[in-house]
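In the two assemblies presented below, chain A is common to both, partnered first by chain B and then by chain C.
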Partner chain A sequence: MVDFLIGLFLASLIVSLFTTRLYRLLLWYSMNSLTLGILALSIGKSLDDRAMFITGVMTILLKAVGIPFVLKNLSVKFNFVRQITPEIKVQYSIMLIPAILVFTFYLSEPIVHMIHTNANYVAISISSLFLSLLLMMEHKNVAPKIIGFLSMENSLFLLGITATNGMPMLVELGIFFDLLMAIVVINLLFHKEELKV
Partner chain B sequence: MMLTLLLTPAVIMFFVSFLKNERSKYLLAFTSFVILLPIVKLFLLPKPYAILDTYLVADRLDTYILLVSSIVGIGVTLALLTLDKHVKVSPKAYKKFYRFFAIFWVGLIFSILSNHMGIYWIGLELATLSTVYMIKTNYTSAAHKEAWNYMIVGAIGVSLVLFGIILIYASAKPILGEEAMNFDLLLAHANEIPSPFLFEIGFAITTIGMFVKMGFFPMNLWLANIERASFYPVAALFSGILESAVIVGFFRFSQIAMKINYNHLFIFVFAYTILTIFIVSFLIFRAKDFIRLFSLSGIEHMALIVIFWVSGAPFAALLHFGAHAFLKPALFLSAGVLESNGKYKIAGALKGYTDIKGTIFKFLISLFLLAIISIPPSPMFFSELYGFAAMINTAKSSDNILAMIGAILFLLILLSIIFYRFSAIYQSMQYEGEQHNKKVYISELFSLVIFTISLMILLLPSTLAYLKSIV
Partner chain C sequence: MIIYIFGIVLLILIAPLLLSFIKATKMVLLYKRPISIFQGYRNFNKLLNKENIISRESSAITKYAPFLVLSPLIIVMFFLPPLVHGSYYVSFVDAFTITGLVSLSTFFLMLLGLDSASAFGGMGSSREAFISALVEPAMVLTIFSVSLMAGNLGVGQAGVNLAEHFPQEHMASFLFSGISFFILLMAENGRIPVDNPETHLELTMVHEAMILDLTGLYLALIEMASSIKFVIFASLFASLFIPFGYGFGVLTAFLFFIIKLFIIAFVVALLEVHTAKLRLFKIPNLLGIAIVFAFLSLITFYVLGA
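What follows is the complex of A and B.
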């Protein structure tokens, strides 16, 4: 089950790299967050860890539902360009993405020997981090860059639950709070104010 | 109780910023003064002082950094009172600045006083996000673009810090459990960490994240561009306070890394900082405006603080840190007055201040400019003496003494390029260009006097003794 969810997590991120429509990108981000949330619930259940269970529920509510909803509203309010063509051509992305995956598995080889729980997942979370950075880099529009930033946060969350079997609850809540703050700031940044003196 | 006292001024500031009364601007400035009171009280309490269980613990290092930051905050808010005389600013922007300054201050308190890696990160992220909107208080398209840039690059930097923290936590969790997030426990059990390599990888990633935030290689220009696009008090806050929150994290993490493998830490940081100073020195040589010049110089000084710290000279690092935290905001605030609506450039910038206030202003700027290039009796002169002495001692005990001495000499050559550039700029400000009648306001002067007095206090024997006792 965990392997399947990790695969879905990675697949949804890879698909979002090829997406050329904004709403579809939001959908893939939502799917990515949903699989992460279910993954947290699943690992939480197997470890009998209530904190991770709460984290999983919050991930689903906040990241899979709340944030995509807010971003969609923002896109309507501020008339975002919905056609988001990646700067990197598809044929190059097809070569680049597997290269990143292989490279990160090679890069994380010394680390995975030291992490006894879900060792390969650590490599996947590191590769997700690189793929999120790629998502930020391959678009000129701001909206996909925001999704890239949020996906990066998802990758770190995945690293947290796989490498350490969950961070302390206090830290998880703090990260959620910061994420909400980020959304507030992003909303404010879209307002173009005129100078009236 | 202490936490409530520390946070109350920021909470009051946040709510006052929503008042529509014109005079609330003075109340906001006053509130920023009140920030100092609980910090002075905390400074005088015996250390370590547990503020919130083991999560927030005040020790000598963080109370010193918090005290320095609060003085900088007061200086900046004083200069903010006459911001509209030098730049075009909307009254709404003032209040927004304070609103986000209040959030920034809360984040800063948490990150500086934290004894917990997670809380440190949460505070740092909160401080970073709040400064994003401060940049946008300048309603220009350049500031709008740079605010987005800061949001994205800052987020990448802070994400790298979190990535490293997770790996550090994973390395120590087998022996410490959830307590592996505590800095003091990590330090006490550093030698027992079962996977030191994992810790070192985590430390390296965290450090790179922090270095990105401070504008180190390869992100040397992003901070300079942001500071150029935002109002000068925001640039002063960036250089005087936000970087304090980052550097305190570096101090904490590197203390643990020193116990694990000092040589690895030293070589990594030494090579990284020399590379940074190499690039920055040439960028400084080409800088054509005050804000970029001071911003790049800020990167150089942060690199020096880092290198002094890892060379085993914490006293030099902390003295340099204090001096930089007071000097750089003072220079940024002066630059705002000197440029005044972008009307004036470097050449002849010091000409035209004829009245008493202007003469004092001119004298203070000259002092700051000479102090930043470490001309005695600047605190930076003494910190660099101690710092380079420590580096030579480290070189003597290393296996590659010639390479190390060569690297130190190379560093000195780079610093001399910066010295030459600042001297040339000072001469250009004094003797070139045309003369125009310029004005300086009392609140700006008062703010610069606060920074001057603070710099003088840094040189008192009792302050130096205190700094020596910190680590």
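What follows is the complex of A and C.
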């Protein structure tokens, strides 16, 4: 089951690399966070960890519902460009993405030997980190860059819950509030941009 | 042996039903009054009663090609994984044979399009060649990675192995190859993101452009071939990627398999309503995603073993 969810996580990230519309990208980000939340819940169930349940529910509420909703409202408010064509052509992405995946899978091999439980999830989370870097790189507009930043945070969260069997809950809640602060700062930045014009 | 033959005949018989079911579901979702789901059989009957008219410009290929379009697909039907437990099946046929037979059928369809000597036929043939050339590598990669997970290169044996020992530990790579195969199912059968099977608009036609000149028995054969192609892909998907319900009793297993086929058809209809048709030169992007997922499934299986 965890394998299936982690596959969905990577698949939604890869599909979001090919999307050319903003709302569809938000939908894929929301799917990505939803699988992450369910993954946290199922790992928490298998470890019988009460704190992991809270983080899972928080992930689903905040990242899968809250942040896409806020970003959609922001995009309506500030008239974001909704046609976001990637700067890297699709032909090159098709070659680049498997190259990144192979590279990171072999890159994480020494780490995989050190960790005994859920070893290959580390490899998948590192590769999704690189893929979300690619998502940030391939767009010129601000909104997809924000999504890239957020999905990078998602993959770090995945690394956290799979490699260490759950960080202390305080740290995870701290990361959530950091994320919310980032959204607020982004909102303020847009306001300032609007004032300038 | 009787179950084997019965399964093939059953699949051929419900082939027009599935396509009419997709059409009816789409019409319901678009708030139209739906056609009867037996419309496929009515069309077949109507076409059989019409006389054959062949263009003066066309050569003998037009007479032979419809049969040669249909027959490789009928042969593929014999190589599919078994539908129920205890049925006879062909275990040694691998992905290359099935892809090759499907593309042999496509080859004769393209010849048929070129032979009619109309502008539309040539255009449709070139587009079909363009799409099917891109489909093949992804298809071979996908079926190979599934076969590796099942531990046998033969497609029939792979289906049986998957149904008996479902690879829980390879769930991630299984999912990736499933996504890839579903995109190929849409592309190869000319469903909406790639080709719209209902329109006769010259800009968007692919499949219809090649068979524009045909009537009567020949058109009936081609229509039957396209519905059988959908059944082949759907039943490959059902037995390789949804390998449950194989061990039930014979009748229950048949019923369960048909329900799986109808679920696949329903998902296809849902996607067709939900997405717009892609521009022709955007199709390589869609098939590129399929190739990425197929490759991803292979390397996830090899490197991570997940």
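In this text, the second predicted complex is superposed on the first by the 191 of 197 C-alpha atoms of A that agree within 3 Å, B and C clash if a C-alpha of one lies under 4 Å from a C-alpha of the other, contacts with A are read in each partner's own complex, and residues count from 1 in each chain.
Please note the rule applied: a contact is a pair of C-beta atoms (placed from the backbone, for glycine too) under 8 Å apart; a residue touches a chain by one contact, two chains touch by 3 or more.
Computed from a prediction, not measured in an experiment: that's the story for all the values here.
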item: Which superposed partner A:M136 touches (first chain B, second chain C, both, neither); value: first
item: Dominant contact partner of chain A by residue count, chain C or chain B; value: B
item: Chain B versus chain C as contact partner of A:E153, first or second or both or neither; value: first
item: Partner chain(s) touched by A:V76 [first = chain B, second = chain C, both, neither]; value: neither
item: First, second, both or neither for A:L10, with chain B first and chain C second; value: second
item: Chain C-contacting residues of chain A that also contact chain B; value: none
item: Complex contact set, residues of chain C against chain A; value: 168-176, 179, 284-285, 288-289, 291-293, 295-296, 299-300, 303-306
item: Chain C-facing residues of chain A, complex; value: 1, 3-4, 6-8, 10-11, 14-15, 18, 90-91, 93-94, 97-98, 101-102, 105-106, 120, 123-124
item: Chain B to chain A touching residues, read off their complex; value: 55, 84, 88-92, 103, 116, 118-119, 121-122, 125-126, 129-130, 132-133, 136, 139-140, 144, 147-148, 151-152, 155-156, 159, 162-163, 166-167, 169-171, 173, 178, 181, 194-195, 197-198, 201
item: Of chain A, residues touching chain B in the complex; value: 110-111, 114-115, 129, 133, 136, 142, 145, 149, 152-153, 156, 159-160, 163-165, 167-168, 170-171, 174-175, 177-178, 181-182, 185-186, 188-189, 192-197
